[in-house]
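Heads up, there are several structures right after this.
One chain, subunit A, appears in both complexes that follow, with subunit B as partner in the first and subunit C in the second.
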Partner chain A sequence: MADPITLTIDGKQVNVPAGTLVIEAAKQVGIEIPAFCYYEGFSLQAACRMCLVEVEKMPKLQPSCTLPAAEGMVIHTESPKVVDARKGMLEFLLTNHPLDCPVCDKGGECELQDMTFRYGAGESRFVEIKHHVDEKQWSPAVYYDAARCILCYRCIRVCDEGLGVGALGLTYRGVGAEITPSHGDHLECDECGWCIDVCPVGALTSGTYRYKSRPWEMNYAGTICTHCGDGCKTTLSVRNGEVIRANNRDRSGINDEFLCVKGRFGFDFVHSPERLQSPLMRRNGKLEPVSWSEAIGLVSDKFLEVAARGGSFGVIGSTRATNEESYFLQKFARQGLETNNIDHHRSGDVATLLDALSGKTKALATVNDLYTAKAALVVGADLAQQHPLLAYQLRANWRHHQSSTYVVSEGPVREDQYAAKSVRAAAGAELAALEGLREDLKKHGDLVILFGASVKGDAVRSLVAFGDSLGIPVTYVCLVDYSNSRGAMDMGVLPDLAPGYKAVDKPGMNIDEMLTSPTLDVLWVVGANPLEHTQLKNEKAFVVVQELFLTETAQRADVVFPAASAYEKSGTVTNVCGEVQRLKAGPKVMGAKPDLEIMGLLAKQMGLNLGIWTPDKVFEEIRRSVRGYNVALPVIATGGAAPTMPVNGRIPVSPRPDLIRPSGDTLFTSGTLGRYSRMLNKVMEAPGQLYKP
Partner chain B sequence: MTFSPELEARFARLIENYPPGRQKGALIPMLLYAQDEIGSVTPELLAEVAKRLHVKQVEIEEVLGYYTMLTREPRGKHHIQVCTNVSCMLTGGEELYAHACKKLGIGNRQKTADGQFSLEEVECIGACSWAPAMLVNYDFHFNMTPEKLDSLIDSLRKMQ
Partner chain C sequence: MLLNEPHPLESRVLTRRYVYPQKDAIGIDQYVSQQGYDGIRKALEMTPEAIIDEVKKSSLRGRGGAGFPTGMKWSFVDRKSPKPKYIVVNADEGEPGTCKDRVIMEHEPHRLIEGCLIAGRSINSNRGWIYIRGEYRKYIDIMDRAIADAYARGFLGDNVLGSGWTFHLSTHTGAGSYECGEESALLESLEGKRGNPRLKPPFPATSGAFQCPTIVNNVETYSAVPDIILNGGDWYAGLGTPRNGGTRLVCLSGHLNRPGVYEVPLGMNMLTIINEIGGGVWKGRKLKAVIPGGSSSPILRAEECDIPADYDSLAKAGSMLGSGATVVLDETADIVKVLSRLMAFYAHESCGWCIPCREGTAWLKKILARLDEGVGTKNDIDMVDQLATSMFGRTFCALGDAAAMPAMSYVRKFRDEFEAKLNSTQVFVPAPQTQPLVVL
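Moving on, here comes the complex of A and B:
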């Protein structure tokens, strides 16, 4: 780092590295210089002139957002001259601004409102008729009101630089200048809605939130997005128990402000009219609503009866349930039902990776590592499509640190835009293509390797051997698809491995064996839809399902319990990089219970002693008994992400690469949840949905 | 889309004028020359230029919206631009423009039904010393009067 520079801002001395902008230097001594166009992490604009400051010995006011700090500078950020200039700027910005604050979504959290209040720019000399442009709808998610727009270019930059989409531009000039979408009257983009979040005024509004609430009338719950494995923090705005907005303006999670369309708009499945709100029991061939006690009683009796006669159980866990639920479920199966017939939908070969990394430390990359690594290699995955946060991190790393990204994929991917090298290789044949990149990969100081589901079984071992042979520090990310795919494996929702990847005495049936077993007596499915495309072989099997919706699996069930979604419960989840984060309950849906509670009630009814079934207590047990999960509680309690390494020794993997089946979800789909999200469906039907590399 | 060999040759020379990686700089001249040949900036032209210069289409939209000399609507065979900026205004530019409107029966940025004439009120065209001034396509006409405008338009009509 270059020599520090000392400067004085409002009488306070501050030391900053050379090249620091004055606006950033001021932040370090707690001075907020107002700015509309300046946005940390994106290119400089100097368009809004709000951040003007007085610098001694400089004749004119200077924009602090583009002014690098220099030795001995003396700066005044609130001198009468500066205040006057800002007041003048605000008067200009408000000339054509409609001042419809009482009905504007942004009212109460609007930067223009705050600045007008701060500088008391309440009077205007502008007496002409205001230039008015009608509001436009650009997509199901994004609306634009040009009259409110102050032309700060934030939306244009986050779209172009942050995501590499570049769907927004600025056209016309003077009073007629306005933001324009990529395709005439509509957007062709990822529909992530980040432009709406960064808008300092109410020019860009959200299809789910517009005209629904005032910001001070809502409760906020910072939880983890339940749509993919990346584990983005999403802050739900909840009004009267209903989620009406999701964003992450406080930059509290691993994802900073980034969210994709699913994180920002895909929450509406929670309030789908098709949510189950009462237990259902099959009577005369039809599923009918019954009371909780009746349903729990029936399932308990059935479980006890089958257990007593030594019948066979099959348990299918969830890729979206919390760690606590997965842990409790496998405990229920192994101790309560005395079976190892437990499995889940696997979407990546984490177990083989952890085994291949045995004895190594710091071998798993965190989400933040993708932003700081010198180079990254993406093997067999389309990150922008399936792991939007990881794609964003790699792009940000390239933008800010000039890191190198290498891609080996079947088809073109968006990372090609900036990749140092892109190689096309058929799925399953990616490793052969790696040799050609060996010399390139070696020259960087370190490397993160991300690999998709086409690399599994022995290919994972070969990949790790290839990484070892490079002679530089290499870390890995095994890409898994669902919000807690990783947690389900770590928690031992597997027929051959107990929590922490410990071997079990006698491996049970895997998911395929359960579904095709002619003698299975009970199938218990917690938050999964294994019968979506297949039939259960044993028609006589008693099927218990815990689910949000009447899925194909639930339709086959004898008893269905209405389960709460991840947004309605507490607990922890582990993301694709193995980082544990905490869920915080936001909305409420009447009638549904968290899976953990349903399992607890069932255990109680059956007279099993499986311990207390509150999330905190179960997590205590996980912390004590699962290696790597002994994380510092304050870290996750305050919304942080704690990295885990659940094992560091050989794992008795029984390789079943055939059971690893990627979800095939795209940016706009999210398995069962996506099917019930109106917004995701609307976005897919609109002409603007884009996925182009 | 294809252009005439002359225009292609011009594009080739134009692109060489810019250092590697800065070919984007050729955007405005390319659009102008192509517009002269085709008559307007059509969606196909927009896509073609975006492809050749490796810019996003929305970036070209930005340029198109900003510069009034670029047009999406085809203009008349004779595009008349009357200046009404300060020097011309003081010497009768506004009357000249009003007269042109009346004579041609069209308003600002409109085209006559036969497609022969289009009219535009423009800002300074850099001919203040000979105000009021106007342009027909790329030709200047100086010290204009409504009478001179009449005979000019009549002679242009006869040309067809």
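Moving on, here comes the complex of A and C:
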């Protein structure tokens, strides 16, 4: 840091490092200088001229967003000259602004509205005809109304600088200047919709939210996105029990304002007409709606009957259920059904990584570490497609701190744009390619290694050995696919490992063995779709499914319970970096129950004593009993991300790399949920092939 | 042919080789036989510091409009920078009324090339571009031919005049934007981007074309350099007034008997230029006003014109020398119409980057169109002044000022004419509707 300097803003002394922008310095003493185009973390524009301030000894007003503070500067932010300039600027802005606030989506949370109320003139002197341009639809998700646009260029910058997509630009000139998508009349981009969020006015509107509500007519629930494993905080805007918008404007959570298309638009599966809203039971070969008590009673009877005759159970857990549900499920299986036949769809070799790191502290990177590390190495993963937040963090780190990113991947990836070095290597052959980067990696102060599912089993150990040999502090991220893939493993939804990666006495059947076992009596699937591409070997097996939709697995079921999605329940989830965050229920869907409640009701009916089944109580038990999960409660309670502690001890891994099967999701797909999200599908089907598989 | 018959009061330095009428550009043979490229020969034996010192001594100031001392500008370039250094010629002659750069390129393209070479030598540059506005198709061809000739004779290329120094030069075509005459917008355009001005600092001397140290100067500025090197800075400075060295081209246009481009020493009286060189106001009419430095300079009433035409004197009179385009208006000129036309020009040319310029120019254009049509109100006249005032000094680049300065000065100095055009009823009549409110 440069030496601090002192300047005076509105009579207040401010101490800031040399080079701080005046607009930032003013914030430190509680003075807000209004601005449209200034946006923290992005390049400077000085275009809106709202932040002009008077600097003593300078003849002209100066834009405070580009003016570096200097020793002894005396600045006035409310002098008559400045007030007049702001008023003038707002008057200019409103000349061609349509002033259709009563029908504008942004009304109530519009920065132009706020500024006009605060700094503007009461009346306009403009009596001419306004410059008008018709509204355009750029994509299913993004609409643009050029007439409302004030050209602050925030959208262009978040798209280009923030995401590296660069789908927006400026065309025409003068009063006719407008934002134009890369393909002239339509967008072909990530469809993340961040441009809509940062728009200070209602120029960019969202395909899911437009004309649906007013900001003050909704309830807000800050929860965690249920799609990929990155654990972005998303604030659901709920009106009459229905989610109509998701964003993170308050910058809470690990992702600041960032969300990808799934986080911002992929919430509509919640209200899909195909959601199950009543338990189903197979009668005469057909699934028919029945009451909860009937369904619970039947399943309970069947479970007790099979248990009594020593039959075999198979339990398949979810990669999206909460930690509490996963924990309760394995407890149900191991204590209630007395079986270790429990597994889930694995997408990354976390267990081997934790074992290889045993004895090391601070070896797991958090999402924030990706933004502060000096260097990062991405092995065998397309981050921009599968882990958009992690990709964003690395890019932001490069933009702000000039960090170096190294990529070893099978095909071209977006990180190549700024990577210090990109190496192409076939899946499975990545480690051999690493040697060529050794000398480069050594130069950096610290390193984060992110690796995908192609690095598994012994390869993970080799990778850790490679990291150790570099002689610099190295942290790791094992990339897993879904919102609680990591939690399912931590909670012991595995045949050979109990919660906290403790060995079990007698490992049970894994997922493949269950599906192919000719003698399996009961298959209980909680939030998964293992029969999507395969058949259950034992045709006589009794199948119980808890699911949101009538998936292939649910269609095979004898009893289906309608489950609630992550957006409708409370609990905690653990993201790809091992950070625990809290879910907060937003919308309500009639008929569906959270998996935890379904399991609780079942346990009660069966007369099992598995403890109280409310999320809070189960989480208490997890904190007490699961290694690494004794996380700080206040952090969780206030919506923060609490990193799990390292397991710190050997894990008896019986490596089954063949069971690690990445789902290969892209930006626009998300397993079962993605299939039922109308917006994700629309985006995929949009003209111009947004989605290129 | 904009060059007029020479006038005895002219002091022909830059234009000394021109003949009248001249059909073709001065070819390389003729140029070389008349001391051509001797400047660069001499410069090749001088140190870069000595070249810059000589230019500083000449008190040559930028002829593009802002009048920044050229030697000073060159000395800002870090010659030891590991980055390549670039020379850029601003031949995007867009200021209404200005037509001198084309005369130089049309008559003596090699002088410009030689100026570029000397400038390139002074900052150890190896690459230069001449950014010419696209409308100057003819002059682009002339420059291209001259550059090819210079390459063929070894004045340009990998080994300039056997010195081992490399200098490459080429033309670059603009695409019809006034804003691209602003040096940073010109650089953006040169890089192949949208011609928006850049945030300053950094100035081009530190980070110009492709983020490398760059000198951007006007055609006339570069063209003055060969003579300065040949004859010395002191000689050149002696041609003008203190701090306003040398001669300059003045583009006389408007209601004159002899409009055209003339070369005069800096500091010649404005009325002398108009009445003697320009042959006086035409048709025996009286002088009403003079726009002394291109359309963006504040207007001078006839009685304010008895001043020396140099940078400092015009600044004192509240106007500016600008690009040297002197537009003369006779007593019949309709000032309201002039301003209305100018505002339409600026509204058309505003790039749209910053709010005050984008919205202000469009608004002024509409108000003035109304005033011109006689359907304005007294309030409108005040509003023109107020709007221009709230634009002035608050825009991102100088285009906003360029639009605001004439608006303010015309309204203040010729208020009576604006009032005379008002509708006598003083009732507001809406502007004629030029477009339907709703397009179906």
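Note that in this section the second predicted complex is superposed on the first by the 685 of 693 C-alpha atoms of A that agree within 3 Å, B and C clash if a C-alpha of one lies under 4 Å from a C-alpha of the other, contacts with A are read in each partner's own complex, and residues count from 1 in each chain.
Keep this in mind: a contact is a pair of C-beta atoms (placed from the backbone, for glycine too) under 8 Å apart; a residue touches a chain by one contact, two chains touch by 3 or more.
Given the structure is predicted, the values throughout are model-derived calculations rather than measurements.
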Which chain makes contact with more of the residues of subunit A, subunit B or else subunit C? C
If you stack the two complexes on chain A, which partner ends up touching A:Leu170: first (subunit B), second (subunit C), both, or neither? both
Classify the contacts of A:Phe117 with the two partner chains as first (subunit B alone), second (subunit C alone), both, or neither. neither
Taking the superposition on A as described, I'd like to know which of subunit B and subunit C A:Thr180 touches: first, second, both or neither. first
Enumerate the residues of subunit A that count as touching subunit B in its complex and touching subunit C in the other. 169-170, 172-173
In the complex, subunit C touches subunit A at residues 177, 179, 194, 196, 199, 347-356, 358-363, 366-367, 370, 379, 383, 387, 390-391, 393-396, 428, 430-431, 433-435, 437, 439
Give every residue of subunit B touching subunit A within the complex, in rising order. 56-59, 61-62, 64-66
How about subunit A: which of its residues touch subunit C in the complex? 44-50, 52, 59-61, 66, 84-85, 88-89, 91-93, 95-96, 125-129, 131-132, 134, 150-151, 169-170, 172-177
Residues of subunit A touching subunit B in their complex? 160, 166-173, 180-182
